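Multiple structures follow.
Heads up, the next two complexes both have chain A, just with different partners, chain B and then chain C.
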Partner chain A sequence: MKRIVVMSGKGGTGKTTFTAALAAIAPLPIVLADCDVDAANLHLLLRPVAAQQQRFLAGALPVFDSRSCSHCGMCASACVFEAITLRHGQYAVDAAACEGCGICARVCPDGCISMTQRLTGHTIEAVSRFGQPMVYAQLCVGQENSGKLVTRVRQLTDERARSEGVDFVLVDGPPGLGCPAIAAMSGVDALLLLAEAGAAGAHDLARMIELRARFGMPAACIVNKADLDAVSRAGILERCEREEIPVLAEFPWSPLFPESLRQGRTLTEMPEAPFRASLDFIWTSLLNHGVTS
Partner chain B sequence: MTIAVAGGKGGVGKTMVATSLALLLAREQDTLLLDLDVEEPNAHLFFDVRSAGSEEVRVMLPRVEEEYCDRCGVCQDVCAFHALLVLPDRVLLFPELCKSCRGCVVLCPVGAVVDDTKRIGVVEERILPRLTVLTGRLDVGCTDVPALIRAVKSRARTQAAANNLAATSRSTVTVIDAPPGCACAAVEAVRGADLTVLVTEPTPFGLHDLDLIAQTLRALQQRFVVLLNKAVPHDDSVQRWCEAERVALIGAIPLDDDVARACARGWLLPHALPWSAPLLLGILQRIEAFAEEQV
Partner chain C sequence: MIIAIPAHAEGWNAEVDERFGRARGFALVDSESGAWRFVDNGTADAEHGAGTGAVRSLLQLGVAVLLAGRVGPKAAEALEAAGITCLTLEGQGSVAEAWNWYKQQRTTP
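So, the complex of A and B:
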């Protein structure tokens, strides 16, 4: 099974737009995943049907039984995240600050703290309007553990591909370089890097390339908004050449991109199917040119 | 006063707005701009000035003193993050899994686990007239994002206090450039701000993610307003969302190739495009009015 993840470092470079466009013209059966679990968007373009939602529990949260509490304050002083405070005479946890380490429950001499699993998010298994199985997720408001939820989406995607006998997985990755990004990149066969020709895009791509070096998987690059800044574009092309990352295609800045989103269409579904040849070439390269090792 | 600029979706223009606001504020008063998108910090690219220095950020990491350790296994048992593995002859520590909770140090029955540190990134400082830009930069491969954000904020508080002691006029205002998303990093970045400006774009993606970050801020009881970027004629989806949600829409920046080019090149919008300066100044005045209102 080949797994390719679309990554960028910077947000808003077009990861979802291009993942959806590639899905729309996929020359082989694929399974799709959206690993941007904080703010999933792929389903907005692919409008999946037959969605089945599952709760995802991860991490832990303390629950206080105030009847046996002697107000010794050991829980609050042991919490390095400053998540436990005295409110109206009762100890309570700030769920957004709590990391779920459970040390409060262990140091409480009165045994009045128990740890419960917390609902971190939901995973959704569905079928895209192009008939491809797809898995995505929604993290609960302000939750930790987005990396774990990404890992769960990846597991479900692989299971789905195996059960359907599909050999190709295309993953829409999250922005950034932290837990969700690392979880999305772990164990994939190749990265499809989406760079934006700007100072920020070039800077962020460089850090993404550094992170990729730790994994060592092959990568290919798409340069988006390529006409916005010649200096940054040249820097991106030069860096890709140095890293032996083939640049598969370049796309201009165009109001057509947001317009296609507003119409709920993938790029190739717009009148005259703009960029169809470039998108076909990306597919050919992903399938034939060693990018997938 | 602290104003955070967030937005849920990536690429909506958070950094463009945060840098523009900081630039305009610094005309009148001491201003701090905190780049808390520590995974991919970009705000410094808009200021043509070298880093005046960077300070390492380290967080607690336990160290097991093997000569005192009797391999009882308590540390492994208490670690909710599976960062410790007690083997018959030694204890293995996985620094990248450790969340620095200190449980192993506190609960080791023989005191064999002690406090040590690990490096997670740096805070860079850039100094301009009346404006200090503090950038959190996570080391590539590290995941301690909230901890680094807290470190930059703590550094900023010290700086603001020093400014305020020296200042003769108005107190320091802080502008925060927050990371994309709605998870722990974004929450940590906007926590405690007097007002959060949610930048969005009139696309289904922008609206969907605006809705998520708005829910997040409501859960945190943080006040927020919306700023529409990449506005196009004949699309009032964001206006309608704001009316339905009773959230103030404080302005609109048009979808424009000059704006896109200026941003891509790392130019400050009020400098690069003279027509944008009065527009942004109006937006800033409305932000200040909202931020001051509640206190």
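So, the complex of A and C:
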């Protein structure tokens, strides 16, 4: 099974736009994953059906056994987040304020606080409107993406690919270089890097390339909004050449991008299917030119 | 000396897990006696810090050498601090293959 993940470092470079466009014209059966769980929006373009949800538990939240509570108040005074208050004569936690550190359970002399996992979101298995199985997740308000959740989404995606006999997995990766990004990259066959021709895009691409060097998988690059800043673009091209990362395509800034998003369509579904040749070439490269080897 | 190999499952022919911090578990081989066992990786499901957590476990298990595919930056730093040598596997599919590769590395100067 081949797994390709779309990564960028910087957010807003077009990971989801291009993942959706590539999905729309995929020349082979694929399974899709959206690992950008903080801002999962691949489903807005791919409008999946037959969604099945699973609860995702993580983190920690105190649970009070009020029968043994002596109302000493040590839990409330130890909590630096001021998440524990006395309500109707019982100590209770404000889940939104609680960071799950567990100090309350540690200081409680009555042993009436236990830490339990909390519902942080749902993983969702569905089928894209192009008929491809896809896995994504939605977080509860105030919760954040984690390496654990990305790993779970990838695990469900792999299981789905195996059970459907599909050999190719395309992952919309999270931005940044932290825990979720590393969980999305580890053990994949190749990275499709989405660079944006601007100071932040070039800077974050360079950091992503350094991270990739540690993992050693092949990578290819797409330069988006390539006409925004000539200096940054030149820097990106030069860096990619030095690292032997092929640049598969460059896309200019175009009002077609925000307009396609506004309409909830992929690029290739816009009138005259803009950039279709470049997108086809990206697929050909992913499948034929060693990027997936 | 104990050698650790990230693996998807228990068994000499189990697939090597390309991930380190979130590997299912580790095959531990004693290079003197050849004895081996499998331990679950307690940090595979950690929300954050899986890599550094796995290094801590290996340290507690007395591991001297890690044969791994991909190790992230923080895990690499922790391995170095812990004095655990990390050798990069290149496509060895099974635990047995990884182990044989390591033995070859040791014997050929």
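FYI, the second predicted complex is superposed on the first by the 248 of 293 C-alpha atoms of A that agree within 3 Å, B and C clash if a C-alpha of one lies under 4 Å from a C-alpha of the other, contacts with A are read in each partner's own complex, and residues count from 1 in each chain.
By our rule, contacts are C-beta pairs under 8 Å (C-beta built on N, C-alpha and C of every residue); 3 or more make two chains touch, one makes a residue touch a chain.
The structure presented is a predicted model; accordingly, all values stated were derived computationally and were not measured.
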{"item": "Room on chain A for both chain B and chain C (clash or fit)", "value": "clash"}
{"item": "Partner chain(s) touched by A:Gly187 [first = chain B, second = chain C, both, neither]", "value": "second"}
{"item": "Superposed model, chain A: greater residue contact from chain B or chain C", "value": "B"}
{"item": "Partner chain(s) touched by A:Glu196 [first = chain B, second = chain C, both, neither]", "value": "first"}
{"item": "Partner chain in contact with A:Lys225 - chain B first, chain C second, else both or neither", "value": "first"}
{"item": "Which of chain B and chain C A:Trp253 touches, first, second, both or neither", "value": "first"}
{"item": "Which superposed partner A:Gly73 touches (first chain B, second chain C, both, neither)", "value": "neither"}
{"item": "Touched partner set for A:Ala39, first chain B, second chain C, both or neither", "value": "first"}
{"item": "Which superposed partner A:Gly111 touches (first chain B, second chain C, both, neither)", "value": "neither"}
{"item": "Partner chain in contact with A:Gly102 - chain B first, chain C second, else both or neither", "value": "first"}
{"item": "Touched partner set for A:Cys179, first chain B, second chain C, both or neither", "value": "both"}
{"item": "Single chain B stretch clashing with chain C - from 21-29, 57-65 or 93-101", "value": "93-101"}
{"item": "Contact residues common to both interfaces of chain A (with chain B and with chain C)", "value": "59, 146-147, 179, 182, 211, 214"}
{"item": "Interfacial residue positions of chain B with respect to chain A in the complex", "value": "8-12, 15, 37, 39-40, 42, 45-46, 60, 78, 80-81, 99-103, 106-107, 138, 140-143, 145, 179-187, 191, 201-205, 208-209, 212-213, 215-216, 219-220, 230, 232, 235, 255, 257, 260-261, 263-266"}
{"item": "Residues on chain A engaged by chain B in the complex (per definition of touch)", "value": "9-13, 16, 36-39, 41, 44-45, 59-60, 78, 80-81, 96, 99-103, 106-107, 139, 141-144, 146-147, 174-182, 196-201, 203-204, 207, 210-211, 214, 225, 228-229, 231-232, 253, 255, 258, 261-262, 264"}
{"item": "Sites on chain A touched by chain C in the complex", "value": "58-59, 146-149, 151, 179, 182-183, 186-187, 211, 214-217"}
{"item": "Of all residues in chain C, those that touch chain A in their complex", "value": "17-22, 44-51, 69-73, 76, 88"}
